[in-house]
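Quick heads-up: structures coming right below.
Same chain, two partners: subunit A is paired with subunit B first, then with subunit C.
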Partner chain A sequence: MRSFLAQSWQIYRKDMVVEYRTRERVVTMFVFSLIVVIIFNFAFNAGADVIQRVVPGMIWVAFAFAGMLSASRSFSPEKDRGTFEGLLLAPVDRGSIFLGKLMGNVTLIGLVQLAVLPLFVLFFNMTILPYLSKLLVIFFLGTVGFSSVATLFAAVAVNTRMRDVMLPVLLLPVASPVLIALVETTRGTLEGGDWQDMTNWIRLLSVFTVVFLVASVLLFEYIVEE
Partner chain B sequence: MAGFAARLRITPFGLICLIGLVASLYLSLIWAPRERVMGDVQRIMYFHVASAWLAEFAFVLVGVSSVIYLWLRERRWDIVAYSAAEVGFVFCCFVMITGPIWGKPVWGTWWTWDPRLTFSMILWLIYVAYLMLRVYGDDMPQVKTFLAVLGILGTIDIPFIHFATMWWRGLHPDSLVMTEEGLGAGMEVDMRIALGVSAVVFTLFFFYLMQRRMALERLRDETESLRERLEHRHPGSLGA
Partner chain C sequence: MGNGSIPGIGVRQLTKTYGRFRALHRVDLDVAPGSFLALFGPNGAGKSTLLGIIAGLVRPSRGQVFLDGEEITKDRDESLGQRIGVLSYQTYLYDELTVLENLRFYGKLYGIDNHRERIEELLDTVGMASRSGSPVRTLSRGMRQRVALARALLHDPDILLLDEPYSGLDQDALAILKTILAERNKTILLVTHDLARGLESADRVAILNRGRLVFESGTRDLSQVEFERIYRDHAS
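Showing the complex of A and B:
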C-alpha cells in the first residue's frame, strides 16, 4: 500500500513538474473558465436577483469544462509523444498511474477554482467569505468525484478517433448526479443553509466520490492494457 | 400456421411474442376501462411503463454482462452487452416518445423536468454514449474493454441518478403537482391486469429482439472470419 502511494506520488510529481515548466494546462483552463463566466453573463443579461440564482450553475459549468480540459490534456500529450507507452512499461502498478494523474487533475482544477472564484465574487457581487469552509469541503468532494470519472473516460477517449468529442459525450451523463449535487449544495451554502439542510446531497457526493474513485482505480488497469 | 410462420422466418418464440403483443394491444386499448379524468390517452401508459421497465433492466443487463466479459474475455458476453444496449436503447426511445404524447394532453406540456423524465433522459444519454463509442471505436482493438468499462460505470450510476433527480426536484415543491400521475395505487383491477400482461409481453418481446440481435452479431463474426480465410488463401480476391 505504501509503495502504491509512493508510486502515485512519483507520477503526480512528474506531471506537476511538466506542468510547472509549460503552464499550458492551468493557463488554458483559467482563460477558458473566465470566458465561460463572461459568456454566461451575456447569455442571461440578468439583474442581481436572477444572477444569485444562476451563479451556482455557472460556477459548475465552468469548472466541469475546465475539468474536462485538464483530464483530456493529462493523457493526450503523452499519447502523441509516445511517452504513455514508457509510463506503462515503468515497474509500477497501473492503478498508481491513474491515481497520480487524478491527483494532478484535482490539483489543477483546485488552482483554477482558487483563481476563478474571486472573479465570480468580483463580477457578480457575491458573498462567499462566511461560507468558505463549507464551500471548501463541497468543492473538494465534488472535484475528486468528478475528476475520477473524467480521468478514466479521458483515458478511453484519447484512444478513439473523435477524442475531443467523445470525452463530454461519455463523461457528462455519467457525472450528472455529482453535478446536480454540486450545484444544489453550492446554492444551499450561498443562501446560508446549514449542513442539516443538505445531508442527502452531501451523502450522495461522498458515496459517489468513494464508489467511483475505487471503481476507476480498479477499471483503469483494463483500459490501458494492450 | 406453421408453414406461414416458417415462410416469414418467425421462430415459435417469435410467434408467441406476436400473439402476446396482439393480446396486449386488445387488453390495453379496448378491454381495460376508460380512465375517468384523462380519457383514452391514459392507455399509452400500458406501453410506456412496460418499456420504461425494460429500458432500465436492459442497462443492468449491459452492466452484468460487461463484468462477466472483463472477467472471462469471451466474445459472447460482449455480444450480450451490445445487443442489450441496442435493444434497450430502442425501448428507451419508445419511453421518450410516448411520455410527451401522454404528457401534452394530461399535463398541458410536452416536457417537464420531473424526476422520472429527467432520469429517463440521462439514461437515454448514457445509451447514446455507449452506442457512439461502439460506432466510433470499432477500429480499435480495445473497444470491447472500453465499452465494458462504460457499461459497468453506467450501471453503478443508475441508483445515483435516481436519487439525484428525485432530490433535485424534491427541493422545488412548486413543480410537485405534476409528479402525481394518478396511476399507482388507485388503479382498477382491470387496468392492473392490462399493465401486467403488457409488461410480461414486452419482456418476452425484448428477449426475442435480443436473440435476433445476438444471432446477427454472430453472423457478422462468421462472415468476418470467412472473409479472412478467403483473403488468406486467395489474396486480392475480395478487392480492396
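Showing the complex of A and C:
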C-alpha cells in the first residue's frame, strides 16, 4: 500500500511540476470559469431570491466543465507524446497511475475553485463566510467524486479519435447524480440549511465518491490496455 | 535485474486482431537467453504489436508469451517492468522536465535505490552528463534518443526490446548503442527497417509479413546481399 501511494505521489508530483512550468491546464480552466461567471452575471438579471436558487447550478456548471478540461488534458499530452506508454511500462500498479492523475485533477480544480468562488460571491452578492466549513466538505467530496469519473472516462476517451467530443458524452450522464447532489447541497447550505436537511444528498454524494474512486482504481488497468 | 539468470522469450501461436484486422497471426518465435534477434518486416507487418505484447502494453487475442518458461500474458505482473527495458523511436521523456528530472522520475518509479549514482553512470555512458540540467525540449532528436537509451537501461533490465532505436542517433551515439548491445548480457529483440545494422548486430534474424512469421535464420552464414534478396522475396 505504501509503495502504491508512493508511486501515485511520484506521478502526481511530476504532473504538478509540468503544470507549474507550462500553466497549460490551470489557465484554461480559470479563463473558462471566469467566462461562465461573466456570462451568467449578464444573463441573469434577477432578484436576490432567484439568484440564490440558480447560483449553485452556475457554480457547478463552471467547475464541472473546468474539471472536464483538466481530466482530458491530464492524458492527451501524455498520449500524444508517447510518455503514457513510458508510465505503463514501469513496474507500477496501474491503479497508482490513476490515483496520481486523479490527485492532480483534484488539486487543479481546487485551485480554480479557490480563485473563482470569490468572483461568484462578488458578482452575485452571495454570503458564504458563515457556511464555509460546510461548503468545504461538500466541495471536497464533490470534486473528488466528479474527478474520479472524469479521470476514468478521460482515459477511455483519449484512445478514441473524437476524444474531445467523447469525454462529455461518456461523462455527463454518469456524473449527473453527483452534479445534482452538489447543486442541491450547495443550495441547501447557502440557504442556511443543516446537515440533517441534506442527509440524502450527502449520502448520495459520499456513496458516489467512494464507489467511483474504488471502481476507477480497479478498472483503470483494463481501460489502458490495448 | 541484470544479475540473475538471463531469461529467454518464447512466443506461442500469438494472434492479435483489431476488429477485422489481423495484426498478428499464430506467430511462434523464440529468443534464447542472452541472444539477439533482429525482426524485420514492412510497415504494418505487426512488429511493433509483437513488441507491445511482450512488453505488456497490448493484450493478445490468442496465444501466449513466456519469459523464462513462465507465461506473462495471462495476468499482468508488475515485476515484468523490472525485467524489460524498452527503447523505441518514442523517447518517453517529458519535454518540460530536465534530463536529470526525467531520469530521477523514472528511477523512482522503477524503485532504484541508488538512482543518483546509476543516473550519473548512464549519463556518462551515453555522453549526456554535461546536459543533465537541460530541459528535454531544448535537446536535438539524437540527444533525446541518447537520454532515452539511459532511461531504458536505468533499471539494468534482463531483456531489451528495441523498436527502431537508431532513429535520430549520430555516429557517436550509434557506436555507444552498438557497444552496449555487443555486451551480450541481455536478451535482445530488435525491430528495425535497417537490414545492414540488424544483420550486423544480431545472432538471428526473422521476417514478419502481414502478421505472419515468414522467415527465421541464424546470421552466421548469412551475407547481407543474400539476406536482402530473402527480405525482398518474403516481405513483398
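Throughout what follows, the second predicted complex is superposed on the first by the 226 of 226 C-alpha atoms of A that agree within 3 Å, B and C clash if a C-alpha of one lies under 4 Å from a C-alpha of the other, contacts with A are read in each partner's own complex, and residues count from 1 in each chain.
Rule of thumb we're sticking to: a residue touches a chain if its C-beta (ideal position, glycine included) is under 8 Å from a C-beta of that chain, and two chains touch if they have at least 3 such contacts.
Because the structure is a prediction, the values reported are computed rather than measured.
Judged by the touch definition given at the top, the superposed model places A:92 against subunit C, while subunit B stays out of reach. Within the superposed three-chain model, A:10 lies in touch with subunit C and out of touch with subunit B [touch as defined at top]. Once the two complexes are overlaid on the shared chain, A:51 sits clear of subunit B and of subunit C alike. Once the two structures are overlaid, the count of subunit A residues touched is higher for B than for its counterpart among subunit B and subunit C.
Using the contact criterion defined above for the overlaid structures, shared-chain residue A:201 touches subunit B, although it does not reach subunit C.
In the superposition on chain A, A:18 makes contact with subunit C only, while subunit B stays out of contact range. Shared-chain residue A:225: touches subunit B and subunit C both. Residues 225-226 of subunit A are contacted both by subunit B in one complex and by subunit C in the other. On the side of subunit B, the complex with subunit A involves touching residues 70, 122, 125-126, 128-129, 132-133, 136-137, 139-140, 142, 145-146, 148-150, 152-154, 156-157, 160-161, 163-165, 167-168, 171.
By the touch criterion stated above, subunit A contacts subunit B in their complex at residues 149, 152-153, 156, 159-162, 166, 169-170, 172-174, 176-178, 180-181, 184, 200-201, 204, 207-208, 211-212, 215, 219, 222-223, 225-226. By the touch criterion given at the top, residues 52, 55-59, 76, 78-82, 84, 86, 88, 90-97, 101, 105-106, 108-111, 151, 155 of subunit C touch subunit A in their complex.
On the subunit A side of its complex with subunit C, the touching residues are 3, 6-7, 10-11, 14, 17-18, 21-22, 81-83, 85-94, 221, 225-226.
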